[in-house]
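Letters are used for the chains, namely A, B, C and D, taken in the order the chains are written, and counting of residues starts over at 1 for each.
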Amino acid sequence: MNPPTDGRRQSPSWYESAARDRARLLLDAGTFAEFLGPEAREMSPHLGIFDLPRQFDDGIVVGHGKLAGTPVFVAAQEGRFMGGAFGEVHGAKLVGLLRAARDVATMPVLILFDTGGVRLQEANVGELAIGEVMRAVIEARRAGAKVIGLVGGRAGCYGGGGLIAGTCSALAVSEHGRIAVSGPEVIETNRGVEEFDSKDRSLVWRTMGGKHRRLLGGAELFVDDTIDAFRAAAIALIERAPAFDLAMLKAEQARLAERLKRFGKCADGLDVWKQAGVDDPAKVPGMPADEFIALARRIGEGRHDAR
Amino acid sequence: MTVWNKARVARDARLQAGGRIAQGKIVQAADATALLEAVIKPGDRVCLEGDNQKQADLLARALAGVDVAKVHDLHMVQSGIVLPEHLDLFDSGVAKRLDYAFSGPQSTRIARMLFGGKIELGAVHTYLELFARYFVDLTPNVALIVAVAADRDGNLYTGPNTEDTPTVVEATAFKDGVVVAQVNEIVDTLPRVDIPGDRVNFVIKSDKPFYVEPLFTRDPGAITETQILTAMLAIKGIYAPYGIKRLNHGIGFNTAAIELLLPTYGERLGLKGKIATRFALNPHPTLIPAIESGWVEQIHSFGGEVGMEDYIRARSDIYFTGVDGSLRSNRAICQTAGLYACDMFIGSTLQIDLQGNSSTVTTQRIAGFGGAPNMGSDSHGRRHPSAPWLLAGKEADPDAAPALRRGRKLVVQIVETFGDKNVPTFVEKLDAIELADKLKLELAPVMVYADDVTHVVTEAGIANLLLCRSKEEREQAIRGVAGYTDVGRGRDAKMVQQLRERGVVRWPEDLGIDPLDADRSLLAARSIEDLVRWSGGLYAAPSRFRNW
Amino acid sequence: MTLAEILASLFPAGHDIVRQGGIMLGSGPLKSGGRVTVVGVADRMPLGVDDALVLAGHVLAAIDEGGKDPILVLIDSDSQRMSKRDELLGLNEFLAHLGKCLMMASLQGHHTIGLLYGHSAAGAFIATAMSTQSLVALPGATPAVMDLPSISKVTKLSIEALQEKARSTPVFAPGLANLAQTGAVLATWDDKRSLADQLQALLDAPATPGDQRDRLGKERKGRPKAADIAARVYDLALR
Amino acid sequence: METLSYRHTAARRAAGARPMAIVGVVASGNLEVLVERVLPGSDCQVEISTPVIGFAKVWEAVITDFVERRSPGGLRLSINDGGARADTVSLRLAQAVRLIEEDGR
């Protein structure tokens, strides 16, 4: 069970990798090409107002390449720059990519989420970008493109990022991946430490972490924190992502209603997992990835027709 | 007629007064303040156990609550000033004079109170010094200590965090003092006895477990490439050539990086079994990969570490454990081990001057010394020989007669040239000197003296001060590894070049190290989660360090 | 305008909108003769999992009925409900689902109109107002993506400093004018005129296909780069 | 924000043929370096944008050493700084040159 003593895993850690490396290594070797890359110097026109440094790509990499031979579009957020948050340029790059996917209609889109949500210094235009991204995802899906979200970065997938994830055809998440609308500090600030102690990290993870999202049905696949594992998940999810139509939305309505019925009275992630059929919920947080994947599979596949 | 047992008579009177509140030795938590008012007299020397890690928090609150008319002007003699109550005592007048060693979390407030004259300061000590003075001129009249459990006879079980307790009790109980212990629980049979009951006069069960700070947990996720580079330099440029097997590490990220490079970089250099086998060290979680890879033979610890309990229990070949299987730590003994039985101390600091004096004080904060000055010093007295000690001695004085030549313990400062917020580590004049002026101290609070320091390691290289033959050479050697700080940029390029040729200064390229190879993939563990995995699930990381 | 006044002005001939706690469901007649489905959030209520699902269900039912009746979303909400329970149950999916249902309606030919008559913020704003095809507001509406105290906390700038900066740019500070200038709000209606007339006029106007908000933000000089960046990436991706 | 610009002539032209490379990220204590093979001969240019004012002398020393050690002829290096320390700057500059000198993708 020990990590190999030379310290190198077979495949690099997703969590530790930079956005551009995630995009490049996720795709078939040598196929990734970037649109409007850092050399274009399309930076935020607003951060200067706050005397904040800008980044050449505004914290997002968009481009195309091949995944197991299939042409795909890809977007990767850099969670270390401004928490991967959506600003005007950052959002617009993703919108442009998705609109292209809508018009191509056949190429899947991979969104490598790593975001705290809206960039506060550009709150209005960031929020608008999120609204536009959601609409562009839906239009792309309606046209036939599959939009797959991969969540396992440093910043998690919070705020409007969580809503965009909710519009994707399917999601894969690793242990580090957290998906939520309100972040732990936001809940604590607004509702008090009795409601949510943001410093209690195991509480954070059992409420919004990758394992919880998988057991709840909020993500289709749970994967280990390696680029290879995310790659395999992306290939699998493209294969079985649902269409975007009325039947799917009705199925989702039923899926979410069922969730409220089953888990609506649960006070904690541990209760949800127990209710979901996990014999010893306390063991879940410490469980290695392979063991957890087997457990999650026993508990039941995430529904793939209802997202 | 001379009376020779006044202290014993007085102690018996205190015990009698306290006994009225107790049932046997047991006192209710609600009566804690009343007990302290009964057994403590104005002007007493009191040790309120505040260690590096564990805190007698209930007794601290109880003492802060005494009636100042009954208990006042105490002389506090304790190693750690850690809880707010420790200083509240001085605000209210319960205490007046202070002798201590370490004040990490309260370092800003203690500085303010010292400047304001609220505290009459005896001295800031190292642990060993303060412990020594407990037996000479700072013997407590009353010791307020903390343990995990007691039985009805007052026998105490300290659990893994034994820390200062045996020393404090030894000094107090055998010199007619009164010992009061707070415990988490009172049981019929203890897992093991750390303090015999006949040294303990009163026991109070606390409502909640005493506080322990996870002080020695460093998240591998936060280790930078620069810290990895300093670690590579230290391993290849110091551990390897001197063959350092017995050592102590500081608690910083640079030494954590060293611990995590042993099974990777160290292994690649073929150093397994040749370096870093025996430690005087707290149970650092970052040492788990090296232990699991068979690098480490034995570790003795000053204290414990939150979350390491089960791992230590399962690795009794490595750690010191009691009949119950849990860690037995002891600060006084481990400090002695670090001073006399180790060949190297390596640790970080905040400021280094041109001669190599170092300090962790700033003008706003007085953090005290703790154990570093003892770990980071050469004992000078007679010592058994060892290969690294002899080699260092030879480097320092090649012409002396070998049979009469003193060896040298290696004292290595490992730092980055700039600290937090781009503050330079290398300075012309230590802030400690300004502080000494301000507080009218006879001695500046220097942590490690220049004449004890043998090497300075930074990302820019290694300065071997043993090989310097003049003050001027020493200064240029330090400037030569001070990187782009003002001190570094002020170096005499020609002289530094000569020092490099002599091996006094070695830059990464002189050691065959490419800074570009300093990559996080070299770390045997890159997250707390990796450490848990290495431990086979035995390490239970504290919640605030988890991301799962 | 109060909610009652708004409803009276929108539906002078009456309506069947019912309140369920903080949400509104129902329909009302249009001037042109058809009906408009109505959903809404009132009383500055935070939007949580339970209510979001009820609203989504109503929108789905409207789609399911067939036809092309427009859907009006009335909004006076707080932000998303910030609670442990909501996050535990996956609030992001519930809010996204509501947004998806509204967008699906629009794709099926139901003109979706958001009428922002009070407050709205953050996740609730995205799932309701921002998910409609045409977002209009009434004077006095107070949308706020993020409030200044929160921005102040993160940026460590005083409220006064932020207000000063907000004079030169609409990109971060709360308020209807800023959201209009950046292209989020299509138009602000006149509260002195019949809302029914203004609704009918909006429905009668020729529809421009696709998301017009970035183009609008550029025209109004509220979002200097978004439209061009999106277009450039689009062109490169189709090349 | 402060912008700084330095021009040097390196000992030789940087190896390899890649037109550009980028390393690092703009985060607290970190920086990004965009390196482009756009200059003639062994010219070298470094452009810096930094929120930390008053470190021009340190930048100058770091860049002079960098040009001497890594010989980045023909390269323009553009830096967005997040308040990085000199050692991190040195490392990223070296990483940028290594990356653009690599063969293949």
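By our rule, a residue touches a chain if its C-beta (ideal position, glycine included) is under 8 Å from a C-beta of that chain, and two chains touch if they have at least 3 such contacts.
Keep in mind it's a predicted model, so treat the numbers as computed, not measured.
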Chains most often in contact, by C-beta pairs: A-C
Where chain C and chain D are represented by their mean Cα positions, the distance between them in whole Å: 46
Length of the line joining the C-alpha centres of chain A and chain C, rounded to whole Å: 25
Intercentroid distance (Cα basis), chain D paired with chain B, Å: 41
Cα-centroid distance, chain A relative to chain B, in whole angstrom: 43
Multi-partner residues of chain D (each touching 2 or more other chains): 83
Pairwise chain contacts, counting only pairs that touch as defined: A-B, A-C, A-D, B-D
Interfacial residue positions of chain A with respect to chain B in the complex: 1-3, 5-8, 12-13, 15-16, 175-176, 199-203, 205, 209, 211, 285-286, 288
Residues of chain A touching chain C in the complex: 35-36, 42, 45-46, 49-50, 62, 64, 73, 88-89, 91-93, 95-97, 99-101, 103-104, 118, 120-132, 134-136, 138-139, 142, 159-160, 162-167, 179-182, 186-187, 190-191, 195-196, 207-208, 212-213, 216-218, 244, 246, 249-250, 252-253, 256-257, 259-260, 263-264, 266-269, 272
Residues of chain A that touch chain D when the two form their complex: 18, 20, 29-30, 37-39, 41, 48, 51-56, 78, 80-81
Residues on chain B engaged by chain D in the complex (per definition of touch): 224-226, 229, 416-418, 421-422, 459-460, 483-485, 489, 515-516, 518
Chain C residues within the chain A interface of the complex: 49-50, 53, 56-57, 60, 63-64, 80, 82-97, 99-101, 103-104, 107-108, 122-123, 125-127, 130-131, 145-146, 150-151, 154-155, 157, 165, 168-174, 178-179, 182-184, 211, 213-214, 217, 222-234, 236-238
